[in-house]
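By letter and in written order, the chains are A, B, C, D and E; residue numbering begins at 1 in each of them.
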Amino acid sequence: MLTFLRRRALTSLVPLLAVVLGVFVLARLTGNPASLYLPENATAEAREQFSAANGFDKPIWSQLLDYLAGVTRLDFGTSLRTGEDAATMALRAFPATLQLAVVTMILACAVAVGVGCWAALKPNGLGDRISGMLSMTAASVPDFWLAILGIWVFAIMLGVLPTSGVDAGGASWVLPIAVLMVRPAGVLTQVVRGAMISALGSPYVKVARAKGAGEGRVVARHALKNAAPPALTVAGDLAVGLINGAVVVETIFGWPGIGKLMIDAILQRDFAVLQAAVALTAISIFVLNIAIDIGYALLDARVRNKSGATA
Amino acid sequence: MSERASEPAGPVPATTIQQREGESGRMSTHTADAPPGTGRGDTVGMRVDGLTVDLHTPRGTVRAVDGVSFTAHRGRTLALLGESGCGKSMTAQAVVGLLEPIAEVTGGTIDIDGEDLLTVSRKRRRQLAGPALSIVFQDALTALNPVVKVGVQLAEPYRIHRKMSARAARAEAIELMRHVGIPEPESRADSYPHQFSGGMRQRLLIAMAVALSPKVLIADEPTTALDVTVQAQILALLARLRREHDMAVILITHDLSVVAEEADTVAVMYSGRIVETGPVTDVFEDPRHPYTRGLLESVPVDAERGADLRSIPGSPPDLFSVPPGCPYQARCPLVMDVCRTDRPALTDHGGRAVACHAAEGAR
Amino acid sequence: MTLLDVQGITKTFQVPKGRLRALDGIDLRLAKGETLGLVGESGCGKSTLARTLMLLERPDSGTVRFGGVDPFALRKADLLRHRRRVQMVFQDPYASLNPRLTAADIIAEPWRTHKDLYSSARERAARVAELLHLVGLRPSDANRYPQEFSGGQRQRLGIARALALGPDVVICDEPVSALDLSVQAQVLNLLNRLQRQLGVSYLFISHDLSVVRHVADRVAVMYLGRIVETGTTAEVFGNPRHPYTKALLSAAPTLRRTDREKKERILLTGELPSPIDPPSGCRFRTRCWQATDVCARTPPPVSVVDGHAAECHFPLTLADAAR
Amino acid sequence: MSATTAPPAAGPDEAAATKPNYVRMLLADPLACVAAIVLLVVAFIAVFGRQLAGPSAVNGDLALSRLAPFGTEHGWQYFLGGDLLGRSLLGRLMVATGTTMSVSVPVVLISLVIGASVGMWAGYHRGWRETVAMRIADVVLSFPSLLMAVVVLYIFSPSIASIIAILAITRIPVYLRTARAESAELQSRIFVDAARTFGTPSGAIIRRHIFPIVLPTLLTVATLDFCYVMLAESSLSFLGIGVQPPDVSWGLMVAQGRDQLRTEWWLSVLPGLAIVITTVSANLLASWVRLATDPGQRWRLTTPRRKRRRAAPVPGPEGA
Amino acid sequence: NSGNSGGGAAGGTLRIVLPQEPPTLEPCEASLTATGVVTRSNITEPLLERNPTSGELEPKLATAWTQTEPTLWTFTLRPGVTFSDGAQFTSADAVAAIERTANNTTLACNVQGYVFGQTGKLTLAAPDATTVTVRTEAPDPLLPLRVSFIEMTKRDISTTEKVREPIGTGPYKIASWAAGQKLTLTAWDGYWGTKPAYPTAEYQWREEGTVRAAMVVNGEADLATNLGADDGAGDTAVQYPNNETTALRFTTDQAPLNDIRVRQAIDMLIDREGIITSLFGGLGKPASQLIGPGVVGYNESMTPTTYDPAAAKALVDAAKADGVPVGTQFRIIGRTAQFPKIAESIELMQSAFAQAGLNAKIEMMDTSAQLKYQLRPFVPDAGPVALMVMHGNQAGDAAFTVGQYFATDGAQSTGGNAELDAKIKAAAPLTGDERQAAYADVFKTQTDAVRGFAYLANMEAVLALSKSVDYRPDAATGDEMRLGDMKPKA
């Protein structure tokens, strides 16, 4: 298992570096932030001075070298906007997103497993068709639209939930998670249903039934575990999407997460923060991918053996 | 001969050159006299009568199993012989109650100890699955759950039916593994199915099936995927377990030689029906149905090298286009007009039964 | 005349647990018009050998000569010409046909690469019909898809495809093991007839002894990547010299009561050892009832009696075999 | 010929087998039929919507600003109400159909073509090609697509072409990974080996044996993605970097209408509904296509679906 | 109702929702709206303060200021003022704060560029503990107004780095700042002035106007700023002018915008009333010039152009007849979400232009990209552009507008002529009514002779205010929201 992890980490290093470099170059292509940070009536000299002070006047490769030198010392630079350490800002925003993503994924998986299994038990039945339609629809609803609708209905009309923020304890989580959940739950339900149908039709399920196993045991002990790997892959991709793309929902709900930090940094041309945030998400995505591989191996002994993880 | 590999708990010592097991137990299921040496061959394990299975396919409803009847005696092996698609597995699945949702049992009775499996409650049926009746599937790799340790899978019958603790069930499972000749069962119990060879997997499946000493064991092509040397081992194991547990074994196969060696009684199936049945030796020595005869002649055994085999022309009818009358008519050398209109019934011919107009006429 | 000459082929696969020796010094010879049967247990390397001969795998060492030429050294055009002469029928008639192509497409497929053969559409259609007829299918079957055929018919399609390029040698990798008995007889008859009509040679791989006995002129018995015994069919079946061959023959169930009663059954223990870590010395020694120390120490020599070769320290004599 | 070769058994459904009748198959599946009609209508509107919609879709009448829907006094154009500028919402929806399709269809096609070709190539050859392709996919996937969007829209002026470019790049890995996985599995299939034995070059094998089999899966992914692209486009519009007015897309309409959700709900709800209906239809049709293009499954569609009867009284799935 | 309303205004905490989080609370950045709205007059205070209604300067930490020489101003400080950490506020602090904000170019404070960009260096002195003198390089009648932008900080504040959480003399001090989430201010005991009514104030931020409004409606907040008419504030809505004026600024040197008739036509094609009623929901007034009433220099005599598509079409046709390529495409560039319904407004204009035979293409950009068109150095070869600008004159004096936008070399100017430049220059040193008249003339000249702009509206915004809070927003509220003015309703 260790050698496997080491190899995975090593092969992930190159893409990780590519992401960081790519962001560095792309970010700089979006223009000098001087005009954003200085008042409208600042003089041209003031702008030049600002650029020089922040190193934006140097050629891009020399900026890159400076940056890389900093990164090796774990120094991702300071924010232009707040003057804070960029890495600190990214690390501070990250847990909020992570918590949101984790809870969302857990609930989405729970819904998907519940509905997917239920639908798979009677394929093509009425319930299956209805849940199929619902999950398809769920997968195609714009999230910001749902968010605003949710606020309107639940916070204003019914007044049962807070509109936004993180202060109201558990209640604050309900709407953001409900909104974020819809698409993953829809997509995952379809995957789980398909995987469960094929698992339930497989010979080992027949064997389990021949042993007198009840329906609950068949689903829980036999089918589900085999249906898990395909669902895991898709869930992984969806989780990546959440980590990388919760911007809209974070914006609307004032969720102090990394997505919001990133989009602000992009719009503010706050390069250091952007790079730190991207590096952090990229790392977490790679970690997530590795975790999925491990999950795979845990779920499926065949993979475990193939990768030489156990011996 | 000083050094030889030995299998620690193997069923048969390596060097034993044996007579085949249970050689003498050969008798008709229709005559009730018990053969010497095998004690309880007269006890009926299961009686299937007029079993009919319909398939509701999107293309229409077809009859996959059509009025199949047979009796399995404890301590004996009944072979269901037939070519691919003739309904052998469907029969087995109907008996153990594992039909696909699109299949429906539309007639018949399956009687074990006075209980009709087709009418008992679902709960009762589950209770019987294992202690009364169990099944071994053909493809051992897919029939074992790939992601569950074999020890756990083997312990399941005990967990379900005897409500044992996980620890106790595991101990039983290990004992079971030893019983079917798997070396080092303690450590192998924590392995996954793919870590076993094909023969070992088949042993595991058999172990799981006999865990609760069922009265009836259905073995659906248990050796088709295996090599001859391993097949010989598995068949010997089945024979031993049959004797020890006094089970009625229903052996499903398409291999004539296996039937010849292992079974006491044979029922030849064609297109969802039993076309001929009787004691193996009688049937094989004197086949009365042209299909049985055709099969026996197709075996490339004595034919000289290069000469053509006597093969049966054509292939079995598609389920959707079974002709009226005898299903074998299109391939039958003895076909008569009556075969095209009337379905021959399985009629008794002194301990043997044949469903053929020609055989009838010959008598 | 020797068409195919294989000398000392070895092939190893890198697998996570180590190096798997699938073929370990195979020698074979196939003459024109002859059928060589190859028998052995699952995993002993039969298919790997077939794939190597079809140039689907490159051997680690050893030579393959076809008509005196090493096909692995051929350049593009010559290679294509070589491929026409050696074709293969695959074991699984279900998996070896692309489910999305019609029968005609499948048979005509080789000509897409070998463009000079039957270049016009009409010629091709005619040739497809001819081939269909040759393997006993109807011309109207040309537009049907594989899954609309029965197993035997599919195997006929596979054979027709192999014949499309007019080969001299057809390698049949278990062509009938997926087929029913009655259909198996049909296909064996077909192969037989084709050999008579076209004079092709077969390398006929099977694990079914009765089939090999029926079709082969000569037989090679394979065990764990090596050929342990070769000889004419009559010799090998009637007078097995390697203990493995003898065990194999005795383990096969037989139909006739007479055969059964005169033979003793040898129940080999255990299964094929792992090709990753094969036994030292003689590979069969772990399952052999007459193995001694020497079997563990030194690889067995090949002893040849009247062209009947066996690789064993203690080859069986006629007397042993009859025992 | 020889007596031993049997005449082959008649095929089960010879007529249907030889010439797949797609129209009949479609008619046999009511859901897919409805979906196909919806998509046809959408396609028709995408092409001719601008002409059909009339001038009220472009030049509004501020007097009709925020007109409520389902009234007929202002003509059919205003049946679905008016937007803030007093343009007919129905007309706007029709015009937007064209833009939406001209963004999402090219995005899906471009990413499908590039992703699938690279994926099949990588999966077929395995080895370093596979590794490199997958690592590149990893990079694209973990790249914040918004950053990419801002960059492209900054360097090139925001236009439909640049939106297509960004979204296509970010979607390529999806197809790449699917195609690679399938093709890696397929390249070890026996019929591929068979093709190799004829000396067929790898490109031809990919085209002939891998692609047709991967295609249905890719189509399924593509329809799901079609919806994703429409959503992504609307998210870009939400952030103001999507389709630029006076062009209009469904996503942009949803995004712009969100402020009026409480007062003029139709401005946002109706375009949202258009997205949902179109993607659900596409999904339904895709699952039909998956069956129809698979010769082994096709028969399922040649006869009308019949209500299947309950299974045998066994402790089967119904037990739950 | 949601469980969150318990902490409402009555409980002593005032909860405010802003559109964005302040990047920093650094006082020398207080001319940034997001910073100033929290910092100014709440955490820190200036020496003097401009009354947004009357335009008069009023004493704050200084009790008096006089122009003792043409280039020397003397400020007398209020005694007995302490910082929230207990330190005494003296002239040394004031000198340090002015020095740091106005003269320190390395720090590059926003206020420095905004207010002192053109003044040259100030020379400061503190003759005694309550007196500060400021010497300018040239006579500067606006100096007190400029100084009103400088927030007072302690003498030991860093001169090389900006300070995120400053200590000031204001009624509130920073209690906690959970970045990304919430900022809490608390009132402290030693404040020199009237103690504010709310002991604590909490700031949160939500980008979406609908969400901000919903929070007040739902009782999760007491006050939300910068709302549009459609954001759903309902009966909590309070209208207020926000100083801002929106306009299209033309590049006057490229066809077809180089022809004044085309620019006039464009001006006539803007349906100001329509936009304000239908899009802004009635918020705002049609604008006739770049500043709003109340700013020194506002020309009362100018009226907004009336919407007249027919006359516009005639102008365009006339220009076309003279060989002006009126069909040449020009771009209308706008900044995404700069004000509510900006996209729709531009869309409406574009459609009107098109009907008059002009060819305009809309481009919406993010701030950074749009600034390249707004600020010098402009994008080279940008082609003809009509840029949507929004100008807010926080200082209340036209001098802060005209030099920037109208002078030929103004940092945000793309037009102008010598006559106008001369008038702008001449107006600068004037005071009183002369000053008012001179700047009014500048606006008139710009419109008549140059017409580099087509004005849209003097903007107004909506603020959602909880029923339990008593507060009257004014023109400065958007930039400086004094918590001290807010009181619980009886």
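Definition applied: a contact is a pair of C-beta atoms (placed from the backbone, for glycine too) under 8 Å apart; a residue touches a chain by one contact, two chains touch by 3 or more.
Computed from a prediction, not measured in an experiment: that's the story for all the values here.
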Steps needed, at minimum, to go from chain A to chain D via contacts: 1
Contact-richer chain pair [D-E vs A-E]: A-E
Chain separated most widely from chain B, comparing mean CA positions: E
Inter-centroid spacing, chain C versus chain A (mean Cα positions, whole Å): 53
Distance between the centres, which are taken as Cα means, of chain D and chain C, whole angstrom: 47
For chain B paired with chain E, centre-to-centre distance based on mean C-alpha positions, whole Å: 90
Junction residues of chain D - those touching two or more other chains: 2, 4, 6-9, 12, 150, 154, 239, 258, 261-262, 308, 315-319
Numbers and ranges of chain B residues touching at least 2 other chains: 97-98, 100, 126, 129, 308-309, 311, 313, 315
Where chain C touches two or more other chains, by residue: 150, 153, 185-186, 189, 193
Chain C to chain B touching residues, read off their complex: 41-42, 150-153, 180-186, 188-189, 192-193, 207, 209-211, 213-217, 233, 247-248, 251-257, 260, 264-272, 285-293, 295-296
In the complex, chain D residues that touch chain A: 131, 135-136, 138-139, 141-148, 150-151, 154-155, 224, 227, 230-231, 234-235, 238-239, 251, 254-255, 258, 261-262, 268, 272, 275-276, 279-280, 283-284, 308, 315-320
Complex contacts: residues of chain D adjacent to chain E: 58-60, 62, 65-66, 84-86, 150, 153-154, 157-158, 239-241, 244-246, 256, 258-263
Residue ranges of chain B in contact with chain A within the complex: 93, 96-98, 100, 126-130, 134-135, 137, 139, 142-148, 156-157, 160-161, 192, 194-195, 205, 208-209
Residue numbers on chain E that touch chain D, as the complex places them: 209-210, 228, 230-232, 271, 274, 277-279, 336-337, 340-341, 343-344, 346-348, 350-351, 355, 362-366, 368-369
